[in-house]
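Here the structure is laid out as structure tokens; the discussion comes afterwards.
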Amino acid sequence: MTGAAPVASGMPKASKVVSMRDAIARFVHDGDTVVIEGFTHLICFAAGHEIIRQKRRDLVLCRLTPDLIIDQLLAAGCARKLVFSWAGNPGVGSLHAFRRAVEAGNPPLEIEEYSHFGMVARFSAGAAHLPFWPLRDYKGTDLPDSNPRIAQVTCPYTGEQLAAVPALNPDVTIVHAQRADAEGNTQIWGLLGVQKEAAFASKHVIVVVEELVDTSVVRADPNRTLIPGMIVDAVVVEPWGAHPSYAQGHYDRDNDFYVAWENISRDEGSLQAYLETYVMSVEDRAGYLALHPGLTDRLAARARMCEGVNYGY
Amino acid sequence: MTVVASRELRDGEIVFVGIGLPNLACNLARATHAPALVLIYESGAVGALPERLPVSIGDPSLVTGSLMVTGMADIFQLFLQGGRIEVGFLGGAQIDKYGNINTTVVGDYAKPKVRLPGSGGAAEIATHAQRTVIISRLSTRAFPEAVDYITSPGNRGKGKSRREWGMPGAGPVKVITDRGVLCASDVDGEMELAALYPGVTTEDVTSRVGWKLRVRDSLEAVAPPSAEELRLLREVLDPGKLYLKGS
Amino acid sequence: MTGAAPVASGMPKASKVVSMRDAIARFVHDGDTVVIEGFTHLICFAAGHEIIRQKRRDLVLCRLTPDLIIDQLLAAGCARKLVFSWAGNPGVGSLHAFRRAVEAGNPPLEIEEYSHFGMVARFSAGAAHLPFWPLRDYKGTDLPDSNPRIAQVTCPYTGEQLAAVPALNPDVTIVHAQRADAEGNTQIWGLLGVQKEAAFASKHVIVVVEELVDTSVVRADPNRTLIPGMIVDAVVVEPWGAHPSYAQGHYDRDNDFYVAWENISRDEGSLQAYLETYVMSVEDRAGYLALHPGLTDRLAARARMCEGVNYGY
Amino acid sequence: MTVVASRELRDGEIVFVGIGLPNLACNLARATHAPALVLIYESGAVGALPERLPVSIGDPSLVTGSLMVTGMADIFQLFLQGGRIEVGFLGGAQIDKYGNINTTVVGDYAKPKVRLPGSGGAAEIATHAQRTVIISRLSTRAFPEAVDYITSPGNRGKGKSRREWGMPGAGPVKVITDRGVLCASDVDGEMELAALYPGVTTEDVTSRVGWKLRVRDSLEAVAPPSAEELRLLREVLDPGKLYLKGS
């Protein structure tokens, strides 16, 4: 140690960069409570596919919007329970594997249902290490009747009865992001969803990025950091890992695929054939992309750069 | 229906936008009489100016060029629960005479005939927006006397009025349909036929509602869409008929 | 309306830009609950001075760290009550006007005291339109004994007793920022403090900026927006309005002045002389700056620009 | 005292930094044995790398080049209450035998002899950090048997232990003074003399503590500051003696 300057360079700890295969093998176990968050934006399909490939079973999956990723995990038989607030194909219609499970018990699926605010509040409580979160909601609705975990809390000042939801503390949360450094300091722009709360609520966090950057990139704009490396266990570098979801500034949402999912998933056979071809028969994300020639040209984002700001003093 | 919904919006209002026809109606209002409308989406985009018709409420075009993008905790706590939303649009598979909405299940919750997506943010929009407007095509199936499941609270539900429940917002003030407009009664919040589209009879509406629909003494006539409104919708806003199919 | 494109340009509403004098005259009244927030960073001294010049009385002032701004408002006789969590001169020592008021009743001052987390939680509750906010705090301390507004709430799931603080909903909150447009869409970087929560909790909001920018600047980087124009009542353009506090990217904190305050404020006469010279005898912020030759050269920030990010799709 | 405090920090730890000597101690640790220390300030800076000695915990040099800057709600809810802080440093005008700290008033709260700044974030650091370390110069005035006011909870207060109160963190494990180090008893949390600085006698410490201080059977000898530690402090970290005045 030379002590040449009062400022050490913020010496990096050991890199947390691992392959998707290793990250899932290490942090997702049968029976775990697993969160893959991202509201329309930055949904990590690459992680979902790896969970399917590693044949995890009895997972409790929690997501505001199950989206196609959960339809695929359900069809692959990975889950025993789903905790959610809106289970549809956004802009298209139904999630058919989800509907088959709930309407016909094929396969059997336990559900625990909130509104979006309820799910956000559950993650917020988990992240803040509170046992519950208060909200003004659910009066005059049937949600508390169909979900007994929705409770009431009494305001100590007004005596008012407010709704309460219990903390949600997953075993692992998987967050897709535009960029992170090797320690997991993670920057996201565009829609932020509930990723920060889910990550802080979680025992383990896997960050999957479009781009691995030097710590100096993160430090140049610290207000852009959503998740600090100190709560991250693994960093996976997986460009295009969110497809058919999107990554602002990297690639557009593949709306055509969301529309196509209606026909793929309506029939269980064709859904299984999809999983066989695009998930089970490929090794990894590179293999998946190889099956989609032209995809990256079709969806690559145009440049719409913003200006930087001055952090000087 | 989309045109009538767009006219519900006043210039400069802060509107919570759902996907589908509400989204189209808001963008039509912004292109006509309400250029200063502030569009807020539950995904986190505030003051969005989408350069294309967004396919979902999380579309990247809602982010680029918006006034603010924030997390969903802020959207629900600060904007909605905070009472900052002036009008919210809602739709649903079933709407009852008090404007209660079901987007959860057809049939029994534990053994549904049809499992619908669920609440999303609808329960809290219905609770907190200063007023809500419901958009739905008329049919006796969609307008039962009582919904199978109350996902989003209307003007009266489970035996109590909004005031008795202590709900912050005014609730659904109108239901805009493809044949006429229902308005909530000031007295008890029940939806009443208040306006008809050109060429539509009272019977055309009452026969498509699953309860004995009250009809106001004097019915307003809804002005037909202007050529400009139709042109904007068909040629500019939704040329691919993403939302307009069948309408 | 030509309808030439589906995108209107986001037609601006009427400008909210007014002078500091008009903003204070209109939104700060005798007896009001007033918040000037900013944690070390972006404390709007220009607004505090204008409140002193307009001789407001009986204010309830709320701030986590009263800092020199509140010491000045107290010495000027503007306040009847202070709600706070740390009343010192950061990095230096005491706030002497505050101490004279509390220790000797000169002038009399009611106080209501929390910890920082308690104040943050009060603003959070106010912003979220909740009557209280739960937190794990204050066990084994004397704070609830000296402040009966600190209460307890029972978790409906665990039966655990948590601390609770009541919502704080000020009449007006004043936020200093690096930039905003004429509608009050406000962007801040560097330390964010509790400004967002305070603004959302407030009936009225005054934003004071270093730089008035076109809305296109805000729209180019929407993740940087902390406060939306829809909750802002007035925008005041007042460069250097935070001195001796600072504005990241514009000017450094005037630490010398914070040190000098110790001697200025220790004696009531010299404090009153300070107020007479630097506040009462000047018309506005320009007049204040004219009394500090060399200040802007001494404290102007060096450039430390970050890169922009891509918002394209 | 600063050097001894710096040695309390292990490389890679996540430390909540207060202003004054703790700040200097953390920066010394970072410059010597703990380059990967993560410094978190209540102002919102996470992983700060200040290029100058910050005068306050809200100094702009804590922002520039840090890993993350976030709002104070996140700092208190997610980092502190969330249990993410491994060690917190605290100081105070009065410290009692259980490590309760007073930074609020000398004398009676309603009629104080000396009004101090109050808690700031200290109450929650003392509650939530996995362990805390207290730094203070010895004097009977600063070390009374019971503090006038408990601002930040120690190992036992108001008749109950931390466990009985249900507090998350382990509480103060050490009090680092200018003459020796007190460590908390595993049995009842009372502070006991555990180590002496070179040339300091037991009596030098016990005579400066306002209660009958327990002395451990075998006292450790604190290694004196190395030349390098002193050089860093005096020439590099605090050449202007901003924090080192009088020490």
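When the chains are written out, they are named A, B, C and D in that same order, and each has its own residue count from 1.
Please note the rule applied: a contact is a pair of C-beta atoms (placed from the backbone, for glycine too) under 8 Å apart; a residue touches a chain by one contact, two chains touch by 3 or more.
Since the structure is predicted, the reported quantities are computational estimates derived from the model, not experimental observations.
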B-C versus A-B: which interface comes out with more C-beta contact pairs? A-B
Could you work out how far the Cα centre of chain B sits from that of chain C, in whole Å? 39
Interchain centroid distance [CA atoms averaged], chain B/chain D, Å: 57
Can you give the whole-Å distance between the Cα centres of chain C and chain D? 29
Touching two or more other chains - residues of chain B: 45, 60, 63-64, 69-70, 77, 81, 168
Touching at least two other chains at once: which residues of chain A meet that condition? 129-130, 135-136, 160, 189-190, 192, 196, 220, 223, 246, 248, 252-253, 301, 304, 311-313
Is the chain-to-chain touch network here best called a line, a ring, a star, complete, or other? other
Chain-chain contacts as defined at top: A-B, A-C, A-D, B-C, C-D
So in the complex, which bits of chain A are touching chain C? 129-132, 134-136, 151-158, 160, 162, 164, 166, 178, 189-190, 192, 217, 220-221, 223-224, 246, 248-253, 301-313
Hey, which residues of chain D end up touching chain A in the complex? 12, 14, 27, 30-33, 35-36, 38, 45-47, 49-53, 60-61, 63-70, 74, 77-78, 81-84, 168, 228, 231-232, 236-237
Of all residues in chain D, which touch chain C in the complex? 19, 42-45, 55-60, 63-64, 69-73, 76-77, 80-81, 100, 104, 109, 112-124, 127-128, 149-154, 157-158, 160, 162, 165-168
Chain D touches which residues of chain A in the complex? 1, 3, 5-13, 127-130, 185, 196, 200, 215, 218-220, 222-223, 225, 228-231, 311-313
Touching residues of chain A toward chain B in the complex: what are they? 39-41, 64-65, 84-88, 90-91, 94-95, 98-99, 102-103, 113-117, 120-121, 124, 135-143, 145-146, 160, 189-194, 196-197, 246, 248, 252-253, 255, 258, 301, 304
